[in-house]
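Which chain is which? They are A, B and C, in the order written, and residues in each are numbered from 1.
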């Protein structure tokens, strides 16, 4: 009886340890998902706050310039239309989660992903001066570039530069290794870029270290 | 030894029960956090989706009126400033978890939004006979319904009927197109309604034309 | 003439704010920068009377920039601007020697007024922002 009890006992112990481990893992991954969502919601919220700020300031400027500088006032009005449409598209594609991709959403996820990987991010806080037609391409570039930095670079820092005509993702890691040609990420990005009329270049990162991925659009 | 084992055993049982309880509680509180977050996402979508739609319509209107009706164009620009500042205030209060949406407020902004979009509104002038517990749901319905009419219907008229047991937003536009399933507005409204014990139906509008959105509450 | 430096990483906002404030007869924008770590150099060079500093910027944030500016160009007063108030912002801004703290979407005439007040040695604190900075978050009291 004693032996049987001991057997059952040790079996239970092992089983419990296993169960505990699994529970801990599940908790951790749940927690991670949860935190990620909260993070992204907050960042998105901030970025939308930024869009609305630009809209209000520009609307005021358009009004003030109305009589004295009608050409500029009209230009401001055109900016306003673009900004509000883009913000609307961002809200909608983000509310859809995985189905859509938005530039502000990608900035938010990039921060989260890099920090989780222990790579210090230096990211733009706003994306509103990127013209509508390039926003999706830039969002894909950001996603692929940051994924690559996390997977291949062994970097400590990752910087993203963004302006109306280009986006660049650079890191201070080990740089490109002899390519085994098995990846599709950059090739897929090149195809996207070609379809959109943009170009992809890769080079060493700043100070000749690491890796740098740039997508440039025609002026 | 057997006794000692039994003692340990029963202690472990009690301990496990306690752990399970705690886990269940934690799951519940995680669920609550999750739901809270879904709520904030819904609010953000509904608030900003509406505001940004009106903002982009008005920006376009201001530009078109620029030369021919400068007085009205200026008025639109003033509206734009007010709308974007109000939306920003909404974003700020959503961040703090405070919600504020009122039925009379929505009726007023529906009128303004429809008129800017060149759609003739037929709206209730009072909302006093709607019971308090339904007022917020009806306000959200009005907001999403009118936003959809502006964005999708190509209608010339939009009618809102309101009584203590239902609210209906109908238009005389082109009616539903094969849904591309990309929207969140009606789905979010269905969730809100379900939580409150009400139901959402969509159908063709009056005279079998256009689109009609109805929220009905239990008697 | 009050000489202004504007620091904000959001180029569209910075440009529009500069244009709006430039329309005021007694204000002149003498420098614009997009990063926190460019504030001090720009201020040394252009000698502004008032610096409008965004809080969230690359390089160093506006709060850190305000601290450096206080030592480097003590004659320049600081008006912090931000889109959102966050716990501790207001306290940190005041501790960094800022004279004012307002939201970025403050109507231009009011913003111009805030600049004038700050320039004349007064304090300007946006009430909504103050509330946000104090009430948002878990425990603003223990915030560093």
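Just so it is clear, contacts are C-beta pairs under 8 Å (C-beta built on N, C-alpha and C of every residue); 3 or more make two chains touch, one makes a residue touch a chain.
Just so it is clear, the model here is predicted, and its values are computed rather than measured.
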*asked:* Need the most distant chain from subunit C, centre defined as the mean of C-alpha atoms.
replied: B
*Chain centroid nearest the full-protein CA centroid*: A
_What's the distance between the Cα centroids of subunit B and subunit C, rounded to whole Å?_
36
*Starting from the mean Cα coordinates of subunit A and subunit C, work out the distance between those two points in Å.*
28
*Scan subunit A for residues touching two or more other chains and write them down.*
49, 52-53, 56, 60
*asked:* Can you list every residue of subunit C that touches 2 or more other chains, as numbers and ranges?
replied: 83-84, 105, 107
_Give the list of subunit A residues in touch with subunit C in this complex._
46, 49-50, 52-54, 56-58, 60-61, 64-65, 76, 79, 83, 122, 124-126, 128-129
*Note which residues of subunit B are touching subunit A in the complex, please.*
1-2, 5, 9, 23, 30, 33-34, 37, 40-41, 44-45, 48-49, 51-53, 55-56, 59-60, 62-63, 66, 70, 73-74, 77-78, 80-81, 84-85, 87-88, 91-92, 94-95, 182-184
*Hey, which residues of subunit B end up touching subunit C in the complex?*
81, 84-85, 88-89, 92, 95-96
*Complex contact set, residues of subunit C against subunit A*: 9-13, 16-17, 19-20, 23, 56-58, 83-84, 104-105, 107-108
*Contacting residues of subunit C [partner subunit B, same complex]*: 83-84, 105, 107, 128, 132, 135-136
